[in-house]
Structure formats: structure tokens, C-alpha cells
Amino acid sequence: MPERNPGAILDLQREARIGLTEAVLCEHKSVEQIANILHQLRERTTPGLLTRLDADKLARLPEALRGELDFEELSRTAFFTAPLRPKQGAPVAIVSGGTSDAPVCLEAARTLEFHGVGAVLFQDVGITGLWRLLERIDEIRRFPVVIAAAGMEGALFSVLGGLVGSPIIAVPTSVGYGVSRGGQLSLNAALSSCAPGVLTVNIDNGYGAACAALRFLNSRMR
Amino acid sequence: MPERNPGAILDLQREARIGLTEAVLCEHKSVEQIANILHQLRERTTPGLLTRLDADKLARLPEALRGELDFEELSRTAFFTAPLRPKQGAPVAIVSGGTSDAPVCLEAARTLEFHGVGAVLFQDVGITGLWRLLERIDEIRRFPVVIAAAGMEGALFSVLGGLVGSPIIAVPTSVGYGVSRGGQLSLNAALSSCAPGVLTVNIDNGYGAACAALRFLNSRMR
Amino acid sequence: MPERNPGAILDLQREARIGLTEAVLCEHKSVEQIANILHQLRERTTPGLLTRLDADKLARLPEALRGELDFEELSRTAFFTAPLRPKQGAPVAIVSGGTSDAPVCLEAARTLEFHGVGAVLFQDVGITGLWRLLERIDEIRRFPVVIAAAGMEGALFSVLGGLVGSPIIAVPTSVGYGVSRGGQLSLNAALSSCAPGVLTVNIDNGYGAACAALRFLNSRMR
Amino acid sequence: MPERNPGAILDLQREARIGLTEAVLCEHKSVEQIANILHQLRERTTPGLLTRLDADKLARLPEALRGELDFEELSRTAFFTAPLRPKQGAPVAIVSGGTSDAPVCLEAARTLEFHGVGAVLFQDVGITGLWRLLERIDEIRRFPVVIAAAGMEGALFSVLGGLVGSPIIAVPTSVGYGVSRGGQLSLNAALSSCAPGVLTVNIDNGYGAACAALRFLNSRMR
Amino acid sequence: MPERNPGAILDLQREARIGLTEAVLCEHKSVEQIANILHQLRERTTPGLLTRLDADKLARLPEALRGELDFEELSRTAFFTAPLRPKQGAPVAIVSGGTSDAPVCLEAARTLEFHGVGAVLFQDVGITGLWRLLERIDEIRRFPVVIAAAGMEGALFSVLGGLVGSPIIAVPTSVGYGVSRGGQLSLNAALSSCAPGVLTVNIDNGYGAACAALRFLNSRMR
Amino acid sequence: MPERNPGAILDLQREARIGLTEAVLCEHKSVEQIANILHQLRERTTPGLLTRLDADKLARLPEALRGELDFEELSRTAFFTAPLRPKQGAPVAIVSGGTSDAPVCLEAARTLEFHGVGAVLFQDVGITGLWRLLERIDEIRRFPVVIAAAGMEGALFSVLGGLVGSPIIAVPTSVGYGVSRGGQLSLNAALSSCAPGVLTVNIDNGYGAACAALRFLNSRMR
Amino acid sequence: MPERNPGAILDLQREARIGLTEAVLCEHKSVEQIANILHQLRERTTPGLLTRLDADKLARLPEALRGELDFEELSRTAFFTAPLRPKQGAPVAIVSGGTSDAPVCLEAARTLEFHGVGAVLFQDVGITGLWRLLERIDEIRRFPVVIAAAGMEGALFSVLGGLVGSPIIAVPTSVGYGVSRGGQLSLNAALSSCAPGVLTVNIDNGYGAACAALRFLNSRMR
Amino acid sequence: MPERNPGAILDLQREARIGLTEAVLCEHKSVEQIANILHQLRERTTPGLLTRLDADKLARLPEALRGELDFEELSRTAFFTAPLRPKQGAPVAIVSGGTSDAPVCLEAARTLEFHGVGAVLFQDVGITGLWRLLERIDEIRRFPVVIAAAGMEGALFSVLGGLVGSPIIAVPTSVGYGVSRGGQLSLNAALSSCAPGVLTVNIDNGYGAACAALRFLNSRMR
């Protein structure tokens, strides 16, 4: 076999450089690779955030490591040892069209929590029953940052963008079927929104939406 | 050259069979082919509806034929001799997001007019300024059929579908740029609308939307 | 964890607003989320329609809830307690190309039934053996609304559209392989039909086709 | 500049090898390149078939060459000096949905003519007015090979394939708009036809359809 | 439940009309639907051809029916009772690029056999080792019809089309990975072949290629 | 002709509602429609921002209106009468890969200027000559918001995202050819960036990027 | 059943002709087909390289054959009997963005090893933590050929291409989600790289990248 | 207007860093931007290579600059003052399928010439007339690097890859129509070639292919 450098090289300076921790995206990694990374984190006593961790992979991790993980199943996230910072306030609103978007909303919420930032969830305010959104819109307007998750045709982004002046970070979700299968339609709806200045991240990327919100909150505090 | 049958064969029984006249789609036809068809119509004293007729092609038609055409430029439609039937009532609402959708709205209105059916236009009720739609929604609700035209992300279809109980015929328009260029996004938004029972025709197909409305009105009268 | 509002917010006013009940799309929901919604419906003594409910998810629902569900396997639909209204007449023809389209046809039929509307199925009238359709076309023509389901190249929509004057609601199905895999081809065939005024819903969306038929029938009765 | 071999190398043995002449596809060639090839053909006293030759490029060819070309404008084809063989019989039916498909039908007919084979055109037998096709179907059935050209949703291929037992060569045309723009939909309809054994060539490839028919006829005569 | 016509309606006249039997495409059908069709065939003592029949579905058919099926696993085809006609001669060459294309080649061969026509297989003549094809090309040239199956980049179709004068029916296969995953690339290569007159069927459609060959052989014999 | 409401309905409350002015997207509007809107603005003495205004359309506007427009050609923007607010500070960095991205950068800068916000341009810091970016990175890092424009493969977004902690708004541009033609590749690169929290707007949407930056800055000031 | 030639025809002269051995791509082959090929290799005492061999298929091979295979699980490769040549030197650098790209890197390394060529792996030098790449860039620059593997947005190819003068062979990997799912984005990033002269192979094609490197090294030695 | 840095920043160290000069891609640049860059080059007495320069843009450059450009029309390239180095040898074979690929072949040849490297062109060796390629294959085999250009179905790459052991750099061209329009098919054929180790650049990217060849030749000389 060829010469190899030993294991993963973590970007531990990222926190200092841009204020965000490198998350461990578990989806394409083997159980061995994940365990290897957790060992490295433990050696340096660095907390870690794991995303897209299947319950199945979790079960196959060595028991000692598993015991140190705070796992949340719906979002498939885990905190390794303690989160980065104690929680302060809840400056982020997370708004979603339907209950099927819950996993993505929670991935965002957990990422914020890991960085010490709270959030309030506004679920099931899809625009087919417009009254549900209008009833809560004044409350939502008060948040300095709004994360909005929606699948299907993603009309929520445009309605929200016309009613709220805060930065809006759209997270298209892969909820849908037929021509909206996979989230591309909802993504394009966010990008083409008639409402000016709606911003977007990748499909199902609750982690990325949270990181963007953190960039804004960090910039705000400077 | 091979043997050929002489000129186009029109489906003149269509009106009797399904209550709709065959329109002459001029887009892919040469000036000679259009003239040939108009001559056939004149011989049988049958009125005709022309769609997607460029002002340029119109100008190159023989003057005698041109004089018998009632041409409307924005919709690129023409009536050959008189329309099919005198106009009765205005049972169709045509709702659109923005002024850029006007050509498609007018193609629908002209097709209805040719078949003796009136329509009322509600333009510029796009959902970014939601108040514009809400202000007129009670009026729109009273129409037995609603045609809705929108480009970009097509969020209008979903908001309308959640507020109006009448049949809604979405016409996605090719208005947009970047990922909404060409109308596919708006089409998919109509197809994936969270609002139940929204119906769709091809991109920019104002003629088809009007025909669908006519099918419904004809069926209603039986 | 972040603050959350408790459970799903149902749009129970939808029936009053647009004459259609909100269906529970089970595909992207967990068993817990479905159970939660059924409990809400029970508390308010509101009947419910469930779609895309796998036999497997059904089996994992609490037995008490399961006992109140009238489940039909091929269509993957369930009625929670009684349907909305007693059945009256059969004004809808559901026409399909082949036996593989049966699940979609039945989803439409069950949705109509839940709203108290009957339907007659005309299966296996695909156009390769054209005589099968021509034999029954006079019968089909008499229905005030026609739902047509077809996969593959979707030629049925065009032939039907040229022979029948009633409103035609095409439901493209995902039946096919190679370039017709997934239903996009059949959908585009419906949208591009040479027959004027054919209307379309999303791929495999029997529920949506039925809702559109209900909009027509409701509007007709006003 | 780099070393180059002088001009195009024609595959003049193709006729002997597979019974078909190499056509000169003019679309991506400059006027100079076309002239160069014609000079080569003249030197070897070999007749030539030119396809996709714009009237504009034709006008810019040296007058001496232009005089030897038998040009047909609608099909954009030209014969250089005499066609390959005198014409014998008309064993090919060329069937098309609408008058907009005429250029493709004529490219096929001209290619056959160049190889000494006749054809009969059946235009305007699109399936929306089904009677037009049914009226002529017994006549069409008698041809040993059928070429069928259609754009839009391409339903003609399936109806024809269910009624005719001869080999059917579909030529999808780029006629259409919205989702059928460019011919891909019609192509896929031919490929996915429910009628067994329908064959296809590239979009707008009347030349290729004729070559396929020639392969059949040549094979038949052996 | 809605009124339904009883079971599938088979197109039993197809054989008389176009010389080809309707095959039962099992892929999207339930075991019950397949059994129902076989019962109908038995009642009318009509032989049947089944395609895309999984070994798993076969195993779940009633034993009595299973006993009457002549099943071939690699091609996933079955003959119900005897094939249509006794076998006569082998006028079809089936040429393929690699051993991974075997299932498609056999589906074609079995369909021919069911209709009483023999074939010779030339496997593993992919063009990367060009000598393998050149060694056998004179033999292949003598067949009146050639079916060619290839996945990946489908270069076989072009090389073959330049060397053989008989009709060539390309069957693109879904063999490949990355950008050739699913067979679309190989399909497009067949359609765009520089060799004139190459014909194509849908991806993995060995059945359709055989039907096309049968159309040609039937036409030849008239 | 059908009844129509008179002219466009502007969303003049938008500024009060969300802090952003409705821009007039001129791309799909006729000269008459643009003139109509400018007259409305003049009547209400409201300043206006026009985007995607071709020099050609500008020239065809009535001279009186043209004289009141402050037009910038490269960005195709115009201010109608005075901009919204006097300019204060330059809190936005606009970073771009190459000089071909200049039109998009300037559309963003002009939109900011119209709202009274300044910007500093960092052009030609594409990552192939990495030193050009590294030389200026400390300067860029100090801005509270960064807009980054890039076409081709869009690698700039990822490199920037790894080095800068401020919010980053990517504007994919349509600069490129072959597989990067049209900007979709650069858009997807922004969406899939390994750098956490990069945000995106539609292709070539400099206006949208500026609006998003304004949302951030407005929220910051509250 | 039709006549068939016996088993696969291997291109055993390939090594002599172009210096590369034909690998056995196991993905689309049955266990029987793989065994058949191994038997042929054994008879001719020719070593063989197997790629995309699942552990599951391996387990189902006859034990005698399995014993002669040197299998490596992560890369899914196996050497049949001894590799082609003893290993000499390590002229190839294999650089990758993240640990998820390891299977592809190892497929390349194993292919090189089979041909007697060594490689050094540089893993986890993704550009979000740019220092990781810059730290090792001088070392990488010294290799005569560089293979680079990356998924997601593939920005590594461009950064590397701007810093290294050796030939760079990009292997896009299918690592990613949302719009980068499947590797097409990374592939297009390699093709559109602003860095001049970056070369590409198919998605996940570590084998092909190694073969390209071998072509270069062989050419170099002549 | 915002603050801007003055003009383009050229990467003049690129030659020293990776042995390749930055070319000026003129396609998306205005005449003013090109002139600005040429002035910079003149000031530093650095030779420059311009690509995708339309004859029309050339004509609009200031006459002084134009006089210093060595322009070649078919390839749309220009050398500013003298090329980089005097020409030495001709180690590169440029092979193409048809005369329509000439512009791309010449762009590659001119780029090589600018860097002092010669090439030999082998045009019109498309594989439909296979003898044309086989006649010259021994000659082609002797070159240390082969650039191959082909449009349509790109079968040339695979045939060449099976016969030649040198590094092969495929340049897919946009020559074709229907499903091969735009070059994507030819690109995918190169990527999926059954011949091992074929390398690819972007569609129509003759410049990139030449740069890749230069990387090989430079690495070889070290």
C-alpha cells in the first residue's frame, strides 16, 4: 500500500480564524474514520459538533466514545463533550412550512446551540393556510435574523421576504415528490424570489444556515 | 420532388366535436403556409384564430388577407374575419403577478373573446406586496374560473390556491433570469403547489389556459 | 433544545374557505408525527384523509388509532373515522392507459369518495390498442369531468383531448423505464399536448387531480 | 502555423462499403470549407449531397459551384451535379403531424431521391383530429417502410405504431414551445412509445431517417 | 370504492393487426395483477411473453401458473405455455460491447425466439480492443438485421455503422458509472452517431429492439 | 378587449415595511410600460431605481424622462431623480474574481449607493494567482459584510469563506463557457462550499446581493 | 436459447499495445461472470486487476479463486495472483480534500501499484483550511504527476492548478449532498477551472486517473 | 460611484510559478477592458496571448494596439508582440474527427506555438471511415502527447485510446445538433471512454488542452 499521512488533519484554528468550528460531516465517513476524529478531539480536549450521524453508525461507535456524545435523533446531530459555549439569548427565528421540515430546523437549532446561541421555532406556518403565518408575523419581525425552511414549491420564502425586513436565510428542504422531489425546486424558488435580498444555502443544509446566522451575529457584535 | 398532398388539412370539425376551434399556431410556420391556411378558411367562410403571429410576419402577408385580420400586438393574436361568437358576460378572472406577464394574460383574454366569453384582468397583484392581492381577493373569489399567470418563482399560485375555491388554471410565464429563466421554475411551482387542486398548462400558454376555461364553462352549461 | 410550539398546526378552516379538506401527506412524516395529528383530529372530532401512507407505517401506529382508520392498500390512503360526506352520484370518469396506473387512479377515487363524490374507472384503454378507447369514448364523453392517468409517453392525453369536450385533468404517472423513468416525460406530454386545454397536476398526484375535479364540481353547483 | 494535411479527406468508399454516400453537413462549416469539398468532388466526378445549407451560405459560394447545385430551400439540401441514381418506385411513406414539420420531411425525401428512391408524403395527419389519420391509415399500411415526423408531444408515433406493422422510423422535430422546445420531448415519446418496435433517429434528422430506410431497402433486395 | 371494469383488457388482436404480440411488462405490476393476466391468457389459450419479471415476483405467483412458465433468469423473461411459433433460421445478429450487456441481449433473443426467429450472439466485441470486432466483422455483415447493445460511451454503434450496411438497431444499456450512469450517454451516442442511419430504441429495451427487427423481417417477407 | 386596471400598481409601502425600495426590473418590460411607471413615480415624487435597463431602451424613452435619469452603462442601472438617501460610510466589500464580473459588481454598488450605503471594490483577486487575494485579505476581513462575485468554477467563494469571518454573500456570474456557461456551476459551487455559512443569491443578481447586505446593515443598526 | 460464443473475450494484448492492463470492472457483472473471467486468467497465467468488487460479491466467489485474490476493502480492488510488476519509486502525488475521498485515492494507488508504480498520499488538504495545503505545497510541487481527488465544489483543483506546474489529473468524487450530490459539480469545477491545463477523468474514477498517470510516465521513459 | 482599484491585476508571475502564461480570455470582456490589459502588457514589455477574440472586437481596438497583434481568424487567437519563445520541435499530435473541429484544433496549435512548441495536425480521421484513422495510426503513436478533438458522439476518443499508449487529451467540441448540440455528449463520451486513462478538458477548450500538453512536456524535461 502507498505511504499515507496518519488520519485526518482537523482545522482546529478555524474557530479563531472565522469564529466557526469545523463540524464533522458523518455522511460519507466510515465508523472507523469518525472514531479516529473523536480520538483526536479528545486528545486536544476540543469539543466537536457532528452532523448527519445515522443512529446506526452511532450504535457501531466504541461505547466509550458513544457515552461522551449528546445525540439528538431527528436532527442527526451530536455534541462531543460539552458544546462550545453556554447559551445566551435567542436572537434567531426558525420558521418552517410544515412538520416534515423539522429535521432541518433542528439541525440549525442544534448548530446554534453548540455555538451558544438560542433560537425560537415557528413551525407549520405554510402559506396555504395564510392566516397561520399572518397571526405570528409581528413576532417574527422582531428577530434580528430569520432562518426559513421549506420544501415543495418554497412559496414561504417570498411571502416572508415581503413582510420581514431582517436578513432571511432560506434553507430549501428535500420534502416533496414528482417535480419537487429532492429540493431543487424549493432552492430555485428561494433564489428567484420576487422579494428582494432573500439569501440561500444548499438543500437540507440547516448547519450552513446556522453558520451564516452566526457570521451575522458575530459581525454585529464587533 | 416527392408526391405531396395539397396544403394543410384543417380540423374544421373540432368545434362540433369538442367545442373549441383549432387555432393557427404561427410560430413555426412560414408566411406562405399561413397565407395558404387563411385562403382555405376564406373559401369555407370559417372564422379563424391566429396565435404567436409576429408583427413582422403579419407585415409580409398579402395585403388582402392582412386587411381581414384583427391583430393585437402585445398578445400576438389575430382574428380572421369576425370572432366566433358575440361576447356574453365575463365569467373568467385573469390574475397576474406583474406587468411583464401582460402578453400571456392578453393571449388568454383574446382566445376567450374569440369564443364569445369575457374576462376581467387583475394585474400586478404579486405576493411580495401581499396587500395588493388581499385587497382584491373577495372580488376574485366570486368568479367561477380563475386563470393565474406568473413567472419567476410562481408563489402567486400557492397563495391564490389557499384563498380561492374556484378552479385555478396556472399559466407559468417565461419571465425571469438566472435559475428562473424560461419558465420551468414557475411551472414546477404550480405543479408542486401546497394548495390542493391547482391545475397547469404549458409555459406561456395563454391560449391553452383559455381553452381549459372554455371546457369548464361549456361543461357547466350542459 | 430550542423553544418549540406544540405539535402540528392544522388548517381546519380550509374546508370552509375553499371547500377542500387538508390531507395528511404521510410520506415525509414519522409515525410519531402522524399519530400526533390523528390525536388532534380526534379531539376536534374532525374526519381526516391520509395519503401516501405505507402499510409499514400503518402497522407501527398505536392500535387504537389504527382501528379507526379505513385503509386501502393499493392507493395507500386512509379515512380517519367517517369520510367527510355521504356519497352522491358519480360525475367523474377516471381513465387510464394500463393496469400499472391503478394506484394513482385509486388515490383520486378515494379522495373524491372522502368528499362525497363518486367516480367510474375506465382502465386499460391505452392507445396502442386504439379500439379499446374508441369502444368506450361515447360513454366517457358524457361525464362532466374526466381525470386521465398515464405513464410512459402519455399519448393518451392527446387522443382523449381531441375526442372529448369536457375538462380533462391529466395525472402523469411514474410508470416507465429508460427515458420515461419517473414520469417527467408523461408530464411534459400532457403540458405539450396538441389537443387544446388539457390540464395537468404533478406526477402521481391522484389526490391533486381529485381536488381539481372537486373545485370544478363545487363551482358548477354555485 | 502548425503543419496541416491539405483540406478535407472524404470517405469516398462509403458507398461501396455500406451503400450510403457521405453527405456534407454544412451547418458547422465555413463557405471556404464547403467550396473546398465541392472542388474535390468535381475532380473525382463524384456526385454529392449537401444538408443544412443555409440560403445565405449558398449565396456566398463561388458562382461556378453554385450553378452546379440543385438547391431546395425548405429542406436546405442541395445535389451537386446529378443525384446518385435515377429514381425507381416510391416504397417509403413519410407521415407528419403538421405543416411545421415540412422541412424535416423534405430533407428525408430529398435524401431518398438522391439515392434513387421515391417517397409519398402524408402531411397534417396529427392525432388531435384523429379522423385525418384514420382516413388514410389503410394506404399507409401498404408501404414497406414508414418515416414519421412529429414535434410537440410526439403522440403520433404511438398511434401509428399500434396501427401499422411495417418498420416505423420516428424523426422527432424541434417544433414546439415551453417544455417541448427543442424536440427532446418528442424524441423521448418515440423512445418510450407503448407501441412495440418503434425506432428513432436524432432530432430533426430527416437525413438519418432516410439513410435508415435505405439500409432496410438495400437489405431487403439482397 | 368506485365502480371498476373487471381486470386488465388485453390487446389480443395486436398480433393480427401488426404482427407482434403484446408483452406483459411486469416491472410496475403487482403479483396479483400478473396472475390475473395469466388467467385471462389461459382462458383464451393464448401464449404470452412476460418481460422484466423478477425472480422474486415469480416465486410469489401461484404454483399452478408458475409451472406453466418457461423462465430465463438473466433476461428476466418468461414464456407462458409454448412460444408463439416454432423457430426458423437465425437472421439476426446481436452484437455487444461487454459481458455486462448480456441481460439486454438475451431479452432481445428471447423475444425473437417467442416469435419464431433465431439470433446469433456476438459478445465482447467492444471497440477498445478493436481487433475483436474486426476479426468478426465479415461474419456480422452477412446478417440482414443487426442489433447492437452497448453501455458507457456507446462508441460501438458508430464503428459498426461505418462498417456494416444492414439496418442497425442500437440498444443503449444502463451499464456505466459517473456521467454514463443510467444509459442516457449511450443513448445519445446512438442518436448522434456520425455513421448514417443508425436507429435506436429506449435504454435497456431489448424487447423493443427485437420487435423492430421483427417488423423489418415481416415487411421483407411480404 | 377585456377590462383592465389602469397601469402598474407599485408597492410604494415596501420601503416602510422592509426598508428596501421596489426596483423596476426593466428586462421584460416594454418602453411604454417603463415610461408609465416613471410617470407614476414622478406624480408621487418618489425616487426610483431601475435595473437591467438596456442603453437601447433608454434611448427610446421620452426625452423628458430620460433627462431625469442618472444612468450607468456597465451596470445597466439608473436612478430616477435623486437616490433615496445621502451616502454614509462604506461598510461593504465587493470582491470579484476577474474583470468580466464588473457589471454585476457595479449593479450591487449602485443599489447600495441608492440606499445611501458605500462600498469598496476589490477586483481581480481570482484564486489562480492566489497571492492577489492573500495580499488584500486582511483589509477585506475588516468589512462587516462581504459581497463576492465570480463565474466559471466559483472557487473564490470557498477560499474567501475559509479566511473571512464576516457574512459572505456570493453572487454567481454567468461568465464562462462549455460546462460553466450560464452561471449554474458557479451558483452550485457557492451552495456546496466547504466553507461554512456562505450565502447565495441568483445568478448575476447584484441587486439582490446588495439588498441582502442592506437587510444585514439595517438589522445591525436596530 | 440463441447461439453464444463461450464466455468473455479478454483483450490480453492491451498491455503490449498501450502499456495498460484491462481491468475487470465488477460492478455490473454477476459472480458467475467474474469467476469465469478469473478462470480464463488462470489458464493463461495472466495477472489481473479487479475494480469495484463489493465485499459481498467477493464472499460469494468460489473459495479457490478467493484465496488467490489480494483484496483491499476501502478501494474495493483486488489483485489476482501477483501484481503486474515489482514496485519502483513513487513518482505520483495523490492529493485529496477530505477523508471521505479515501476510497477513490486508494483505487488510484492500487492501480499504480499493480503496474509497479508507487504513490504518496496527501490527504485532508482541503482549501477551507488553506494552511494545510500551503504547508505541503513545496513537497507536492516536486512530483512529476499529481492526482487530485475532491468532491463538493471541487475548489481544490483550481487552487492546486495555480500553484503547481506538473500535470494535474483531477478525479471528482461523489462526496456531497444537495446540489453537489453525485459528483457532477466537482467534475464541472475541474473542467471549468481558471487554472490552465487541469485535466479530468470520470466521477470516482481513481482507476482512470492512475492509467492516465501511467500513460504519462510510460511516455516519459521512452 | 464606489471606490475602485485601477484596471485589471495581471498574474505576471504565473509563467515563473507554473510555466504557463495567463491568457486573456476576450469573450466576456469589453473592448475597453482588452485595450487596458494590452497597455499594461506593453508597459511591462511582456508578450501576451489572446483567446476568443472576435474579428469584430479586434476591429474596434485602437489602431496602434491592433498593429502589434498577430491575429489568426479561424482560431480567434492573437499574439501580442512576439510569442513567448522561439519554436522547437513538434512533439504534439493534434487529431480531429472532421473539418468542423478546425477552430478548436488551431486554438490548441497556436497556444503551443506561443510557448515555443510545435504540433502536427491530423484532420478528418473520424471513425465512420475507419480506414482514414488506421492508415495514420502508426505515425500518431510516435508522438509523446496526443490532443484529440471531436464533436457529435465523440467515438474517436475511445478508438484512439485503445490504439495509442501516449497520454491522450480529449477536447470535446460543440459541433453537432439535436442531442449532441453544445458538446456535452462528446464531453461525456471522453469521460466514460472504455479506453483506460483518456483525459479531458472543457468543451471547445483548445487552449486548455495545449496547456495540459505543456505541463506534460515541461515535467518531462525536468
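All chains are identified by letter, namely A, B, C, D, E, F, G and H, in their written order; residue positions are counted from 1 within each chain.
One rule holds for everything that comes next: a contact is a pair of C-beta atoms (placed from the backbone, for glycine too) under 8 Å apart; a residue touches a chain by one contact, two chains touch by 3 or more.
Predicted model, so just to flag it, every value in this text is computed and none were measured.
Chemist: Strictly by the touch rule at the top, which chains does chain C share as contacts with chain G?
Modeler: A, E
Chemist: Based on CA centres, what chain would you say lies at the far end from chain A?
Modeler: It is D.
Chemist: Going by the average position of its CA atoms, which chain sits the greatest distance from chain H?
Modeler: The most remote chain is C.
Chemist: Whole-Å distance, chain A centre to chain G centre, using C-alpha means?
Modeler: For chain A versus chain G, the centre distance works out to 34 Å.
Chemist: List the centre-to-centre spacing of chain C and chain H in whole Å, with centres computed as mean CA coordinates.
Modeler: Averaging C-alpha atoms per chain gives centres 56 Å apart.
Chemist: For chain A, jot down the residues that touch at least 2 other chains.
Modeler: Each of 14, 22, 98, 128-129, 161-163, 178-180, 187, 191-192, 196, 202-203, 205 in chain A touches at least two other chains.
Chemist: If you go through all the chains, which pairs of them touch?
Modeler: The set of touching chain pairs is A-B, A-C, A-F, A-G, B-C, B-D, B-F, C-D, C-E, D-E, D-H, E-G, E-H, F-G, F-H, G-H.
Chemist: Within the complex, which stretch of chain F touches chain G?
Modeler: 97-98, 126-130, 152-155, 157-159, 161-163, 176, 178-180, 185, 188-196
Chemist: Okay, in this complex, where on chain G does chain H touch?
Modeler: Listed in rising order, the residues are 14, 17-20, 22-23, 144-145, 161-169, 187, 191-192, 196-203, 205, 207-216, 218-220, 222.
Chemist: Can you list the residues on chain G that touch chain E in the complex?
Modeler: Where chain G meets chain E, its residues are 1-5, 7-9, 11, 13-14, 22, 25, 27-30, 33, 37, 52, 174, 183-184, 187, 202-205.
Chemist: If we count contacts the way the header does, which residues on chain H are in touch with chain D in the complex?
Modeler: 72, 74, 90, 94, 98-100, 102, 106, 109-110, 112-113, 118-125, 128-129, 131-132, 151, 175, 177-180
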